[in-house]
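Both complexes shown next keep chain A, but they swap its partner, so chain B is in the first and chain C is in the second.
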Partner chain A sequence: MSGNYRKWPMIVFLSILTGPIILMYIYLFVDTVTNTPPGSMVPNEFTLEHWRFLTETIPGRPSIWLATWNTFVFASVTTVIVLVVSSAAGYSLSRLQLPARSFFLGSIMVLHAFPTVTLLIAIFLILQMLGLYNSLSGVILVKISLELPFGIWIMKGFYDTVSWEIEMAGIQDGATRFQVWTKLVLPNVKPAIMALGIFSFLAGWSEFILPLVLAPDNKVQVLSVYLAALIADDNNFDMALFKSVGVFYVLPVIILFIFFQNKLMNIYSGGNKG
Partner chain B sequence: MGNSKYLGLYLLAPAGVFVFLFFLAPVILTAVFGFTNMSTATGISGGSYVASQSSMLALRDRYGLDDISEQLTTVRYTIDEEGLAAALEAGADPATVNELGDTFLGQSYETRRDVERAIKTLNARPSSVRAIKAIAGQFERSVANTRYETEDEILGAIAEFGIELTETESAAIIDVTYTGWVFTTQNFKTMFSLPDTKKTMINTLFYVFTTLILFNVGFALVLAISTHYMDSGPAGFFRSVWLLPRITPPVLYVLMWKWLAWDSGFLSVMLEPLGFEPRNWMLDSPTNAWTFIILINGMVGASMGMLIFSSAIKAIPEALFHASEVDGATRRQQIWHIIMPQLRWPILFITSYQTLSLLTSFEYILLATDGGPGGATEVWALTTYLKALSNYGGALQYGYGAALSLVLVVIGITLSLIYLKVFNFKDLTAKPKIE
Partner chain C sequence: MRILLDKFTKKFSDLTVIDEMDLEVRDGEMIALLGGSGCGKSTTLFSICGIHKVNGGRILFGDKDVTNVTSQERNVGVVFQSFALYPHLTVENNIGFPLKLRKESKAEIKRKVDEIAEMVHIEPLLQRRPGELSGGQQQRVALARALIRRPDVLLLDEPLANLDATLRLEMRSEIRRIQQETGITAVLVTHDQVEAMSMCDRIAIMDAGKIIQIAKPRDMYENPVSDYVAGFLGSPPIAFLTGQVQDGNFVEPSTGTKMPLSAEIAASQSGRQVKVGIRPEYFQPDGATKIAGTVSFMESQGRETLYNVTLPDGSILRSIQGVHDPVHIGDRVEWGVDSAEMMVFDMNGLRL
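The block that comes next holds the complex of A and B.
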């Protein structure tokens, strides 16, 4: 659009600003498979030694595969439960007659805007008291709860766009509201469920503070905490190793991002419209 | 529609349980914990009663009961079953111990020397002085430094010891010897009196508003408007690249910045030929640390504004742009008179939403500088975390941390409620059309 203006000044201008980010990402990948002489930025040999952490466990750390499994369990269980619970609650808020409906809607909105990290200390103490500290199930429960207001809000927004005629028709044909929801409305919001699912999975996969505080133990460690602990250990400073673990950790994210970019953009922007 | 009358509530119930347990309960408990002195020292469940050195000090300082504290710490020697058993355990001659029990059980002595003298009168006394001293040591009794589980136990022990207490004195002793957590307003007094609090607050305000203005709104506008003037190919490319910081897990994202800044990293290598000493550019000085913190957070924050502003610009009818071009408007005029007026609400939305999230987020700062160098980049939310949940500073002060986060919780609730009012709540709560 706006064909009367030259485009290249904008492209050059933005390229300069975007340069550092692209540079950081290029070096992130390059450094994992090469060695670079000190004092230079040009790699001089190809190597796979930085990836040795895949086969041998780094001393004092859990196996990378255990951490990967924990991360997968954490992210996927969170996603499934968030999807089920928020598609039910979202439908209820969008379409069903509820006592105190505007109160519920208001609470969800306030909770959505409310910064959850401020509750960390109280949550930590609650998990200690419940005996769920240092367990995956504890941190999963917390992550679900903190993710729900967002999920419900998104789902409600998507249900709002489904036409009432579909439901009216279903009711005319003698279906109950529950059947209308599961058989007629849910298929209509499949893209939304997909988008929220990917979003939740990525959010779970990337989550750092919650597992750091609530489940730091080696047995239940997730990749983010694993990588942070590796970096924080002053005795073994090895930037190429850190980057390799980082690339291993980020690969699923990149793959999901490439395939579902448009869906995610939708949720990042549309989802936050108050 | 009888069968679906309560369907709405049933469908909402699971969400309600989760949100109550780990969302609303923590809000309330943050307020409760904020008024306690809970820490790793007090534990999180109940405590016991110990007349420790510090509690005796408190008894003197706070209640002026110097003589009682002295009596409580006085050591006495009482020949009792417990001491006899301990002496046997320690390897004393059973004959000695038995005779000692038969002769002196229940006797009390002021000093150790008196006990030793008593032992020496026994027929079966040990031959060595050291053995006598060892046995005498087993009968040393004092209320101090013994752990009692209940109030009655400690008061009983004191009474048994022969110290008579008035009711106020008992209350004072219970107060100072309790090791568990108690309710107090001390956290807030400390918060207001510490000079660090003021510095942290200034840091927080600086961090929030600089990042917000420069990146979350400012740079987001630059991205949205400049990609608007591109073909969809390059525009999509730039938007995707600028989403990368947001989707990259924070630990890895900050690691890449560390690589940029560390003392044999990219900046050091590139700047060395220009005469700059290699150094850790991120932690080198407070100014540098802040620059990096704002860049790190800003690049993540810019993407959200970019997406929202872009979709707002897309909503502008194209005819408006074409008409203005026919009329000879420059690009600057177009931006200023057509685009910007459309972005008023999105900008307000981003400003309010991001203020709250910047105010409370500390993840990137924790990973990048951990508040350093020397606390220069410590913001309120990070202080909260460091005081209550990070064990570098010794004991974890849950109570004080909760008090600090209570401030953020109150600000959070207030702002969220205001946003609710501002952003057309009525439109969002239109009644369902069936039923």
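The block that comes next holds the complex of A and C.
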């Protein structure tokens, strides 16, 4: 950064642009611990009553902890399976001579281009037939299959950058093809695995439409559906409660970002430097 | 261990790259596969190590037929052009990787790694990663990794192509030293005739999937079987003139210069068109058979200077001379050819 332009006009300009967003975040949090009347900018009193959902179950709703657990299971199972399948499939597509390989690559692209909503009715019917409607495993399966095209494509791209000679050297050193993959190639695409894992987890954590349609039941409800139900309830409308649950919902995501932001940046600078 | 290729054939789908090639590499010998790009030299190398499947013929190590043996079981060490070190492992683990796959004990691996590291002079680097090494150091690590299993055969695929000029000189002698110390049978693939001549016991020169000549470097330089081989060896390269054989002489058509030929060739080729090759060291100011032309190019190589002399019909003779009184581009010179050292080829390029 050099001094060939003045900094303060930039700072003022950016502050004006980002000001509203920052204000929104501040008041989102402030409103969860005060009873500020609508329209007022000045917080009045400190209270924890909007956070009571943590200890007591709201009538007609599942416990927040059950919903959190469901969300966690949903996001992490999705992540693990997406990682395992994508890294294997990506390797096969990048390296092995499969029959119909280019057809497969093309169809993955097409699959990725489908908006989820257009598939909902078909998926609903299939799950109903399989008896997986209103179950966590059913919606997890659907989420995985919709995440996979992106995952496979990303992994294939990263495998393509690993040099062939490393694999030849591995074979020559006496490794089986499987050992070459696990011991030599996978470590070289670690940034991709990290990034894909985090992205899948976040995608699972924030998924709304699939659980809403396919697993709406209280027992299997996830946080996004729980949150939506709050605002859809016209009888007990409570804006402050809605905001509190919202903050609660987004906290893990923020924590994840703080921990892994360097790894996430890695996906752009990645590659196989030693 | 001896390597024998017996009618070895390699195809890529319908294209036959190498057709029934025979080659024997003797035990403890270092041989160069020399040729331009696309001549099949790397294909041959990758077939010897088992990465390419063979489409016909046999490959033998010693007396053992390894044609259908997998790469993993062939016990061949390979040094790749890009060195192909594993970027996520330290130098020590890179070198020890083949032993780790064989489940040797940690102490044993450590001992062997230290031993080989000493031989290739990389002891202080064992804890570094490949990314932190210079090209020459990476090359040494790659050699160590290839040699640690005591392979029957060492294969080197353009090992010096990724190094800068001074390192290339150093590694040339290092690789040769290590090969001789271990007494291993080695095959070097290269497109650089200097590497092939300086490092190897014998050279197999290849063109379009065929071996054209196998000989010791000196023999090949002095007695090439064809104009292709003559043109490949030697730097600056040999120059060719085309003309007719008349009355025991080769007659250069544009100047009419007569260069005496041996009686045998003069008799058999009388009246025919032939091609003569004249190496730059045999076209000198004090040569016997004078021929006149114009200096069209000069290149100072420090101790020596290279001149191109263009004859009236546009053909070029090259001369390399120690530094002496200035000659300038455009000057007319009359230098002499040592016609006893002239090589004569027929119009198909075969040596006569």
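Heads up, the rule we're going with is that the second predicted complex is superposed on the first by the 247 of 274 C-alpha atoms of A that agree within 3 Å, B and C clash if a C-alpha of one lies under 4 Å from a C-alpha of the other, contacts with A are read in each partner's own complex, and residues count from 1 in each chain.
Note that contacts are C-beta pairs under 8 Å (C-beta built on N, C-alpha and C of every residue); 3 or more make two chains touch, one makes a residue touch a chain.
Computed from a predicted model, the values in this text were never measured in an experiment.
S.K.: After the overlay on chain A, what do you see for chain B versus chain C, clash or fit?
M.R.: Superposition check on chain A shows chain B and chain C fit without a clash.
S.K.: Between the C-alpha centres of chain B and chain C, what angle is opened at the C-alpha centre of chain A, expressed to the nearest 10°?
M.R.: An angle of 120 degrees, rounded.
S.K.: In the overlaid three-chain picture, which partner chain does A:220 touch, first (chain B) or second (chain C), both, or neither?
M.R.: neither
S.K.: If you stack the two complexes on chain A, which partner ends up touching A:83: first (chain B), second (chain C), both, or neither?
M.R.: In the superposed model, A:83 contacts neither chain B nor chain C.
S.K.: Contact-wise, after the overlay, does A:195 reach chain B, chain C, both or neither (first, second, both, neither)?
M.R.: neither
S.K.: One more residue to check, A:168. First (chain B), second (chain C), both or neither?
M.R.: both
S.K.: Could you look at A:75 and tell me whether it touches chain B, chain C, both or neither (first, second, both, neither)?
M.R.: Neither partner.
S.K.: Regarding the shared-chain residue A:119, is it in contact with chain B (first), chain C (second), both, or neither?
M.R.: Only chain B is touched by A:119; chain C is not.
S.K.: Once chain A of both complexes is superposed, is A:98 in touch with chain B (first), chain C (second), both, or neither?
M.R.: It touches chain B, and chain C stays clear.
S.K.: On the A-aligned overlay, A:187 touches which partner chain: chain B = first, chain C = second, or both, or neither?
M.R.: In the superposition, A:187 contacts chain C only.
S.K.: Contact-wise, after the overlay, does A:253 reach chain B, chain C, both or neither (first, second, both, neither)?
M.R.: It touches chain B, and chain C stays clear.
S.K.: Nearest CA pair across chain B and chain C in the overlay: distance in Å?
M.R.: Across the overlay, chain B reaches chain C at a minimum of 7 Å between C-alpha atoms.
S.K.: Considering only the contact definition stated at the top, list the common interface residues of chain A for chain B and chain C.
M.R.: Shared contact residues on chain A: 168, 171, 176, 272-274.
S.K.: Can you list the chain A residues touching chain C in their complex?
M.R.: Within the complex, chain A contacts chain C at residues 163, 165-166, 168-176, 179, 184, 187-188, 190, 272-274.
S.K.: Quick check: in the complex, which residue numbers of chain C touch chain A?
M.R.: Going through chain C, the ones touching chain A are 46, 49-51, 71-72, 76-78, 80-82, 84-88, 97-98, 101-102, 129-132, 145-146, 149.
S.K.: Which residues of chain A touch chain B in their complex?
M.R.: 1-2, 4-5, 7, 10-11, 13-14, 17-18, 20-25, 27-28, 31, 38-41, 84-86, 88-89, 91-99, 101-102, 104-106, 109-111, 113-126, 128-129, 141-142, 144-146, 148-149, 152, 164, 167-168, 171, 176-178, 181, 202, 205-206, 208-209, 213, 224, 227-228, 231, 239, 242-243, 246, 249-250, 253, 257, 261, 264-265, 268-270, 272-274
S.K.: Going by the contact rule at the top, pick out the chain B residues touching chain A in the complex.
M.R.: Within the complex, chain B contacts chain A at residues 1, 3-5, 7-9, 11-12, 14-16, 18-19, 21-23, 25-27, 29-30, 33, 38, 44-45, 222-223, 226-231, 234, 238-252, 255-260, 262, 264-266, 269-270, 272, 299, 303-304, 307-308, 310-311, 318, 321, 325, 331, 334, 349, 353, 356-357, 359-363, 366-367, 381, 384-385, 388-389, 398, 401-402, 405, 408-409, 412-413, 415-417, 419-420, 423, 425, 428-429, 431-435.
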